[in-house]
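Below you'll find the structure, written out as structure tokens, and then a few comments.
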Amino acid sequence: MIDQIIFYTLAFIIVAMSLMVILARNAVRSALYLISALLGFAALYIRLQAELLAGVQILVYVGGIMVLFLFVIMLVSVRTMEHQARQTRQWKAAVVIALGVAAELIYLIVRGGSIFVTKQPPDALLTKSQNTQVVGEALYSTYLLPFEIASVLLLVAMIGAVVLAKKKI
Amino acid sequence: MNILVNYVVIPLVKIVVIVAILSGGIAYLTLMERKVIARLQHRLGPMRVGWHGILQPIADGLKFIIKEDIIPIKADRFVFTIAPGISLVPAFIVFSVIPFGPPDSLWGTGGYVTDVNIALLFAVAVSSVGVLGVILGGWASNSKYPLLGALRSSAQMVSYEVAMGFGIIGVLLVANSLSLVEIVEKQRSMGVWFFFVQPIAFLIYYFCGMAETNRLPFDLPEAETELVGGFHTEYSGFRFSLFFIAEYANMITVSSLAVTLFFGGWLRPFSSVAALSFLDIIPPPLWFVIKVLIFLYIFIWVRGTLPRFRFDQLMRIGWKVFLPVAMANVMVTGAILLKFL
Amino acid sequence: MLVSYVPIIIFLVVAISLPVVGLAAGRLLRPFNPFKEKLMPYECGVDPEGDARERYSVRYYIIAILFVVFDVETIFLFPWAVLYRKLALFGFIEMLIFILILMVGYIYIWKKGALEWV
Amino acid sequence: MEHDIFGAIDEKTVLDANQVVINMGPQHPSTHGVLRVKLTLDGERVIDTDCIIGYLHRGTEKIVENRPYAAGVPYFDRTDYVAAVSNNLGYVECVEKMLGVEVPPRVQYIRTMMTEFQRIASHLLWLGTHALDIGAMTVFLYAFREREEILKLFEALFGARLTIHAFRIGGLWQDLPVGFLDACRRFSDTIGEHINEYEGLLTNNRIWLERTRDIGVISAQDAIDLGLTGPVLRGSGVNYDVRKARPYSAYADFDFDIPLGVHGDTYDRYLVRIEEMRQSNRIIQQCITRMPTGPIRAKAPRVIKPPVGEYYHSVEGPKGELGYYIVSEGKTSPYRVRIRPPTFINLQALKKLVKGHLVADVVAIIGTLDIVLGEIDR
């Protein structure tokens, strides 16, 4: 019962904040709403007992990527964006995609939980101070290759940033 | 019912006490800073309000509240209003995971508000949110000096956060836990403070901490002789005081984490030596406070001694000195630990 | 344990209420007397020239991207360090490869001068 | 219609920052008064500077032209208001030169000694504010502690601390008070240690070196071309000091060295000024030991009416060559008075020195020029 209340409260906050992100006219305010939505996700992760993920969410998304976003907003000068028309030519494509997603969601809601495979998390996850270890074990044994590939991805990001940002340096 | 008492009522009492101590501590930290710096400079410091200026922080606080609160006409009022809050709130809630005493202290409720699994990650993550307040505050002012200051300080804070994170990994390799309580317990069971195991990690952590909190010699964001006041130039009255409180709260956070990670938290010196058990007269939370005070003193001492870096030099130190050293420290520690496994 | 996060929520509420209460209480006490000159942005006593929200140096953006990259790298190190005793040599080599790959990028950006604030 | 945010802007400007014009001053903590510098910035790099002066203009020269000669002295307390004694010396000696009056040796020694005290005081103020601009706040208070001692000496002899009306045409207001030379000796014995103390905090400090070395470099030739004088010139290695080049007052009697820099950067100028304080102290010590006795006033006419002509006399002020150009028509007040203010001319170098440096360096460079706006704006 309490579980459900927590979930629906968080879900409401996340959805509301996400809506505000796209409705706010000012890019910095959008960023603010996005921060709130991301924090809501972190709380959701904690509810799912994925504590490490919650910490990572705050550290990387709220403390890292949002800083990047704000820098970018300052870099491209907000004023030019505020005065732009909201509808662009892409609106037809956007409607099609939105309808597709909506159809998918409605289908899932109608069919209900039965189509999802639900599993109780392993006991190790639930006991105290095990979450990090479990994630670590999975990451550094089962998912070793993706982990190493992640480093290549980060490498590309690093080099790409420098190449994109300034060709002459 | 038991859960309600254990996880709501008792923590609430502790939170109120901690917030009260913290607020008072921050107020008196400003007095301590002024007094210590005055000593370093052969002056007396505040002397007028109360005996040796003992009531000065209260007078300052009152002044903040009754000062006019000016919002510049071109500012974004909404963002301008909440930015100091974004700075302040993370600085405070970090203290919910910092252990001030052993788990059996305070009548068995534990010398901390809560002991979560990922306490260290939580502390690092939450303090990384504070930088948003700085950027938003500078941006919302819509004025050149604050904006320059905000960009500078956020670039500085994120740069040093990286090296700081790597410094902490060194400790984690030894401690093998993200729980701050367990990290301290580990130092007790190993009989040695992690400072002696990880001195380089400590130095990196502490210097980065100075940079994170915008203190001299890394106080460029607020460099009053260059950027007037940095990101909070346009702030006045109570809103300004929120930024100010956040900075001092962060100083205390950095010192507290330094003590917890490297100097045995609430443990007395040489906790494994029975011959020194008379030191137990001082209760663990007090040991914690004493250690934190020492680090706060060093913060102030450094401020009274050194000039400040220039921005490019500061970034160079962060990225080209601290970061590689911290990375090397992690790998070397890992290699050495292999011998002991 | 989930319930151990409840105190953090309580702390959050208390921490948010502090500035809110302070600001609200201050509103009753502080004067309010704005006029045009007082509300102008500060620019050393002269009228500001142009707008503050110009575009600023791209370097800040590079720093932010590098920060995110290294931040993610640290995140990978957290569970690794916690689990290090179990992973032992295997873990060490694993992380060595991981860090060496990133080192390539680090040396690249160093050589390219992206860490230099020119 | 496309609405790509980069649409209308070509690639170069998307990625490069706009040039931002930012005002530093007149109300800025480290422009040393009311100097206004308009900086054009690319990011944090300074592309161009523009000095706007005149916020403190009072028309001192014009006022003095409408006063009797003797009444002009106090107005020159207020040009370089942190080095009033040097200003007074220049003006008083210029008028004495016009009248052809020779002042007694005791007067010359006292004047020399007090001027050197003033040089130390002015350099201390420079050191304190310069260090404060770069963030070393303790040096500021240390320097002011010693400056305070000098101001106490001034108060004992002249009756005031800052705007002191130090000298009279033809002599002094009063002789040295009882015990004054002992007080001078006490100060002179300790100042060396104090200077070591400042140097201990700064000279070999890594951060200080990083902040001052190779910052604001000016070559000897450029310095001469711009007409720079004082420590700013000597920091570039040009040996020009009015005290040696055209000795005035009693300077010919004393042994002292002129410290010279090599690189012409902020650090060298710092070293030059620090060493100048030591040399000034040497002069003071020689003054104290060789202080002659005798009258403190020359026979000067009661009503000062210098003969018709143009006169120029310059002294080495703490900040450079301080010259007075006075035209007399044989009346009780001068026809034209013009000061050659060292900092006004030294400030010209700012544009050249700052170009290509960062915002933080602007502050260090303004500090190293040791400007006083009272003198620049007059």
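Letters A, B, C and D mark the chains as written, and numbering starts fresh at 1 in each.
In this section, contacts are C-beta pairs under 8 Å (C-beta built on N, C-alpha and C of every residue); 3 or more make two chains touch, one makes a residue touch a chain.
Given the structure is predicted, the values throughout are model-derived calculations rather than measurements.
**Q** Enumerate, in label order, the chains that touch chain B and chain C alike.
**A** Joint contacts, listed by label: A, D.
**Q** Using C-alpha centroids, which chain lies at the maximum separation from chain A?
**A** Relative to chain A, the chain whose C-alpha centre sits farthest away is D.
**Q** Can you check which chain pair, B-D or A-C, has more C-beta pairs in contact?
**A** A-C
**Q** As a quick test, compute the distance in whole Å between the mean CA positions of chain C and chain D.
**A** About 45 Å separates the centre of chain C from that of chain D.
**Q** If you average the Cα atoms of chain A and of chain C to get two centres, how far apart are those centres in Å?
**A** Using C-alpha averages as centres, the distance is 17 Å.
**Q** Calculate how many whole Å lie between the centre of chain A and the centre of chain D, each centre taken as the average of the chain's C-alpha atoms.
**A** Those two chain centres are 61 Å apart.
**Q** On chain D, where are the residues touching two or more other chains?
**A** 15, 18, 20, 22, 28, 44
**Q** What residues in chain A touch two or more of the other chains?
**A** Only 52, 56, 59, 63-64, 67, 71, 74, 76-77, 128, 132, 165-166 qualify.
**Q** Can you list the chain C residues in contact with two or more other chains?
**A** 1, 5, 43-44, 48, 51, 53-56, 58-60, 64, 66-67, 71, 78, 82-83, 91, 99, 106, 117-118
**Q** Which positions of chain A touch chain B when the two form their complex?
**A** The contact residues of chain A facing chain B are 26, 28-29, 32, 35, 51-52, 54-56, 58-59, 62-64, 66-67, 70-71, 74, 128-132.
**Q** Using the touch definition up top, name the residues of chain A that touch chain C in the complex.
**A** Touching chain C from chain A are residues 46-47, 49, 52, 56, 59-60, 63-65, 67-68, 71-72, 74-79, 128, 132-133, 135-137, 139-140, 144, 147-148, 150-152, 154-155, 157-159, 161-162, 165-166, 169.
**Q** In their shared complex, at which residues does chain B touch chain C?
**A** For chain B paired with chain C, touching residues are 3, 7-8, 11-12, 14-16, 19, 23, 65-74, 84-85, 88-89, 92-93, 95-97, 113-117, 121-122, 139, 141-148, 151, 154-155, 158-159, 161-162, 165-166, 169, 172-173, 176-178, 228, 233-234, 237-239, 242, 311-312, 315-316, 319-320, 323-324, 327, 330-331, 334-335, 337-338, 341.
**Q** Which residues, counting only chain B, touch chain D once they are in their complex?
**A** 37, 40-43, 144-145, 148, 152, 216-217, 219-220, 223-228, 303-313
**Q** Considering only the defined contacts, which chain C positions touch chain A in the complex?
**A** Interface residues on chain C, with respect to chain A: 1-2, 5, 51, 53-56, 58, 60-62, 64-69, 71-73, 75-76, 78-80, 82-83, 86-87, 90-91, 94, 97-99, 101-102, 104-106, 108-109, 112-114, 118.
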